[in-house]
Each structure stands twice: as structure tokens, then as C-alpha cells.
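The structures come next, written out as C-alpha cells.
In the two assemblies presented below, chain A is common to both, partnered first by chain B and then by chain C.
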Partner chain A sequence: MSADQDLKIVFTGPMGAGKTTAIRAISDIPPICTEVANSDRVTHAKDSTTVGMDYGQLQLSDGAIVRLYGTPGQARFAFMWEILSRGAIGVILLIDGSTATALEDLGSYAETFRRIIPGQPFVIGVGRTAGDDGRELDKYAQALADREILAPVFGVDIRNREDVLLLIETLLCIFEVQVTEPAYAAS
Partner chain B sequence: MQPVSLPFPPQVVAAAQGSLQEFVDANSEVQLAVLTSGDGFEVAAHPRDLPAAQRLAAMSSSLQALSEAIVREAGLGRARNLIIESDGGTIVVLGIAATSVTAVTGRRGVGQRDTGPPPLGLTRLRRIPGAQLRRFDFASKSITSATEHKGHSYGNGKRVPQGSAAR
Partner chain C sequence: MSWFAGYHASEKLAPWLNPAARYRVTRWPNFGLIRPLPSNIRIAAGLASAPMRLEEIASRARVSIEEGTRALNALAVAQIVEVADADTDTKLAVAPRSSAPRPRGGFCGIPE
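Up next, the complex of A and B:
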């Protein structure tokens, strides 16, 4: 990866999954946020919610800049999902593992974003999981496999910078493999 | 995913609908108007059965929030209103405390989809607690008068004119 590369990554997932928090945890610049008061306390009890986008930047050791875009979570903002996904090299999908709809959310967001940016890699970060044995995460991997979507699944604490960086590094690794192999095949 | 419509208290919706009607009556150019919560829920719409109201409400809150973000970035304080001029008309997003009104003016049929949002002006009122619903002059693109709404929820019916509200 060279310094002249400008990489765009999209963070998505349902309301309250931690998209804004994740970008805040790793951005090198003060993140741009569009949070407003949340009037839908039925879906999530939090005070504020993103209605436009989040934006942050992360500089890699080789000088490349990763541009981080966070989407609103609610389906009524689906038009922003498409706008923000233009030109993205991959998607980090965050799921709140403590919610009753976690597996359903995983399936619906993965399928939707698979359609919005087909062929680009996914990495899944599941937060607030019960315990840290791998069996908990197996359910999520299986839910993806059932939809024939191949993506690594990590249990994360999205407030933790190292955890969020793990998701990004994994996504970049998959992306590099994808862009490298065609060149290898052609030579 | 989650249901789109959020039940605001009936008296709030009624008050909001009344305020919006006054706004539309005072602005004959307005063809569509949606009053939304800050987080993009439709509270009231004109016409009442406006099919695109929920989508317009969500888009309005995104535009409003992005406007706030760029004004903040530029160090200009707080955003007030957003004007979008197009081939077929003008869309205005009016920030009103924590709510907004989106109004659309213009002529139909100027390269617009039949099913899409009508082409004219769209004004959106954001939060109504302590909100202002203003007369918007679409010709001069300026606000020519204002009415102050006071209260802690969407137009609770108490309308208190403020001395400094006009102009």
C-alpha cells in the first residue's frame, strides 16, 4: 500500500451499535459528527443519534490515509447508506450482541450492503457479547454462511482503539489480497 | 429493521399540523411542507397524505445535520436555514430549535419523476420547542417575518409573539 492511496471505509450497523464511538476511538483528526437528539427511545434508549454521517481519518504507517465514514443506523436513512458507500473499499459492520435482534440485524445489514457495494470485503465486529468464548461468535459466522457471505467475525469493544484497529487492519488485508491476486494472475 | 412512523402525542401532532397549515397559508408558493423531528421523523405534512413525507423527513434531518456540521467546521456558530435551488423550484429547510420544516416550491413537471418528491419548495421545521415558523420569501430568498412558538414539545399550542421575532 503506497502513500498516494486514499482508502475509504464505511462503518455501518443498526442504531446504537457504536459506529460513531468506533470512529471517535481511532480518528487522528477531531471527527465530524451529525448527532441529534433521539426521539425514538423505543428502538434505542440513547440520547443522541447520527442522522447524516460521521467522518474521521486514520493515517497508516506507510503514510496512506484511511477515510472513515459512519452511516446513520436507521433504515429511514438508507439513502445515506448508498451515498456514503460510493467508492468505499469495504464495510465494517458493527452489531450489538446484547440485543434480541442481533442475528437478524447482521443478516439484514450484510445483505443490504452486499447489494449496495457488491464484491467489496466485509468485516464484522460484534460488541457486548456474553462471555468471550468463540461459541458465541459462531452463531454470527453461521448466520453469514447461511447467506453465503464470507466475512471474519470478531468480538470487540468498540470503545477500545486496539479493537477497532483490528477490524480495519483485517479489512485492509482482505482488500490487499483482492487487489494483488489479479495482478499476479496477469503476469 | 425498525418501523418508520413514530407516535408523537396526538395533541402535539395536531398543534404541529396547525402550525404547518399557517405556514403554508402564509406562503402561497409552497406546494409541499413537512415538519420533522431533529432525528428525521415526520410530525406533520402538507398535504396531509403526502406520500413522500417520511422520506423527505429523513432526508431533511440529514441535510440539516450536515449543514450544522459544516457551519461548525467553518466556525460560524450555528446553522439556521438551508436553501437548495433547482431547475424546477426551491427547497428550503428551516431550522426551528430542535425541529425543522422543509418546504418545497416550484412547478411540477420540470424533469421530475412522477412518483418522486414534487419539484417545488420544501421547507422543514426542526424542533418546535422554542421554535420559530417563519414567512419565507421565495423571491428574495429571505425571511420576512417570524412567529415564535414556545413550549417544550412540538407546538404545544401556546404561541407567544416575541418582540424581536419579526425580521
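Up next, the complex of A and C:
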């Protein structure tokens, strides 16, 4: 990464997974949010929901700016997913592990974003998991493996800045490794 | 725990690993528990992108051979790396998965 680089990362996931919370936890600037009163209490009981996008920024120590875009979680705003994903280096997919549809959500979002930005990496953050030993995450990794996706799956508390930074750092490392020409390739 | 056991066990390659073999990760470590160094993440990212030998891992992830060795040992003990070369016959040790403490550390590039 270098100071003249502008990197774009998309946070996505179903309604209530913590996309807005994650961006708020790490943004260097006051995040721009488009939350309105939630009229879809069937999907999630929270008071407000994102209808356009969330936006935040993070400056790396070398001066590079990471632009953080959060998508709306509701499928009726899916047209925003493609718009926000243009030019993104990858996707951080947040899943609420306490919901009955968590695995279904993972598959659905992974398939959708694999189509929207093919070839770009995913990092998956699963919140509200039952255990803290990581075994709970096996089923998520397996669900991805069944779709021939090898992606990092971490248990996270999205309110925790360090956890969100881990997701971003991992995505940046994958991006860095992908764009770095291997020194051994010439030999 | 298995990650830390493998990582800190030795700066030499585990005896059941083959320095001439190319390895790849079969799944990512749960870095949410491990709290990795940036070099650990780069090594995992490299091995997720393509099978590599030890020196290739070190070159691609921009780490020392020792760091690459320790990470490869850790991945092997955690049973999440496999040989990708068809002509090598390296078996991995079987070790139980376990929870691990969460050491805190800063990220390279991301200010704390």
C-alpha cells in the first residue's frame, strides 16, 4: 500500500448484521449514514436500518486511505450493492450467527457478491456465535467450501474496533498478496 | 492452542514437513481467536492463493524463512494445510483443535 492509493472496501450482509456498527467502530471521520426508521420488523426488530449506504474512512500509517462502504441489508435495495461494489478491492461479509438463517445468508451473499465482483476476495465476520472456541465457525467454512470458496471466517464482536480492524487487515493482506508479483516467478 | 504450539515449537521445519513440497491451506486459521501478526495473515493469504514451497511462501509474504517456517509448522499442527504436489508423500500430524488465548497486537499499516 502507498500514500497515493485509494482503496475501497465494501461491508455487506443481511439486515442487523452490524455493517453500520462496524464502520462506526473504525472510521477516522464521522461516518455518513442513511438510516431511517425500520419498517421491516418482520426481518429484524431493530429501530432503524440503512437504506442507501454507510460511508467511513480509515487512513493507514503509510498515508493510504481505505474507503469503507456499507450496503443496505434489505434485498429490496440490492441495486445499491452493485453500485457500491464498483472498484472495490474486496468484500467484508458480516453474518449474525444467532439467527436461524445465518448459513443461508452466508451462501446467498457469497454467491451474489461473487457474481457482482468476480475474483475479488471475501472476508467473513460472524458475530454473536454460540461458543468462543472457533468450532462454531466450522459450519460456515464448510458452507463456503461447498461453494468452492476458500475465504477467511472469523468470529468477531463487531462493536470491537480490533475485531473490525482484523477483518480489514486480512482483506488488505489478501489484496497485497494478489497484486504482488512473486519474486520466485522469474526463476 | 495448536496454532501457538506449532508456531513456537521450533524455528526448524517440523520433521513431517518437506521443504521441497508445495503446500496450500485447506481453510483459514481462525485469526479471530489467534490475533495474528500481519506476517501470519500474509502467509495464510499466500497459501490460500496458490500452493507454495517454503522459500516461495517467504518471498511472497515478504517474511524471513524462519517466520515462514514457524507459520507453516503452525498451519500443519492446526491441520489446515496440505501438500499440493502430487509427487510428494508428506503426511500431516493429527492434533486436536482447541481454544487459544487472544494476545493483543497492533496491525502493520493500521494505526491503533
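Everything that follows uses one rule, which is that the second predicted complex is superposed on the first by the 180 of 187 C-alpha atoms of A that agree within 3 Å, B and C clash if a C-alpha of one lies under 4 Å from a C-alpha of the other, contacts with A are read in each partner's own complex, and residues count from 1 in each chain.
Here is the rule we use: a contact is a pair of C-beta atoms (placed from the backbone, for glycine too) under 8 Å apart; a residue touches a chain by one contact, two chains touch by 3 or more.
What you see is a predicted model; the values in this text were computed from it and never measured.
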| item | value |
| --- | --- |
| Chain C versus chain B on the shared chain A, clash or fit after superposition | fit |
| Partner chain in contact with A:Ile29 - chain B first, chain C second, else both or neither | neither |
| Superposition-derived angle with apex at the Cα centre of chain A and sides reaching chain B and chain C, degrees in steps of 10 | 170 |
| Partner, of chain C and chain B, that touches more residues belonging to chain A | C |
| First, second, both or neither for A:Ser39, with chain B first and chain C second | first |
| First, second, both or neither for A:Asp163, with chain B first and chain C second | second |
| First, second, both or neither for A:Met15, with chain B first and chain C second | first |
| First (chain B), second (chain C), both or neither touched by A:Gln74 | first |
| Contacts of A:Val179 with chain B and chain C, given as first, second, both or neither | neither |
| Distance of closest approach, chain C and chain B, by C-alpha atoms in Å | 26 |
| Chain B partner contacts - residues on chain A that touch it in the complex | 14-15, 32-40, 42-43, 49-53, 72, 74-77, 79-80, 108 |
| Chain C-touching residues of chain A, taken from the complex the two chains share | 1, 58-62, 64, 125, 132-135, 137, 141, 145, 150-156, 162-163, 165-166, 168-170, 172-174, 176-178, 180, 182-184 |
| Chain A contact footprint on chain B (complex, rising order) | 1-2, 4, 6, 37-41, 54-55, 57-59, 61-66, 68-69, 73, 98, 127 |
| Footprint of chain A on chain C - complex, ascending | 25-28, 30-33, 35, 38, 41-42, 44-46, 48-49, 55-56, 59-62, 97-99, 104, 107-111 |
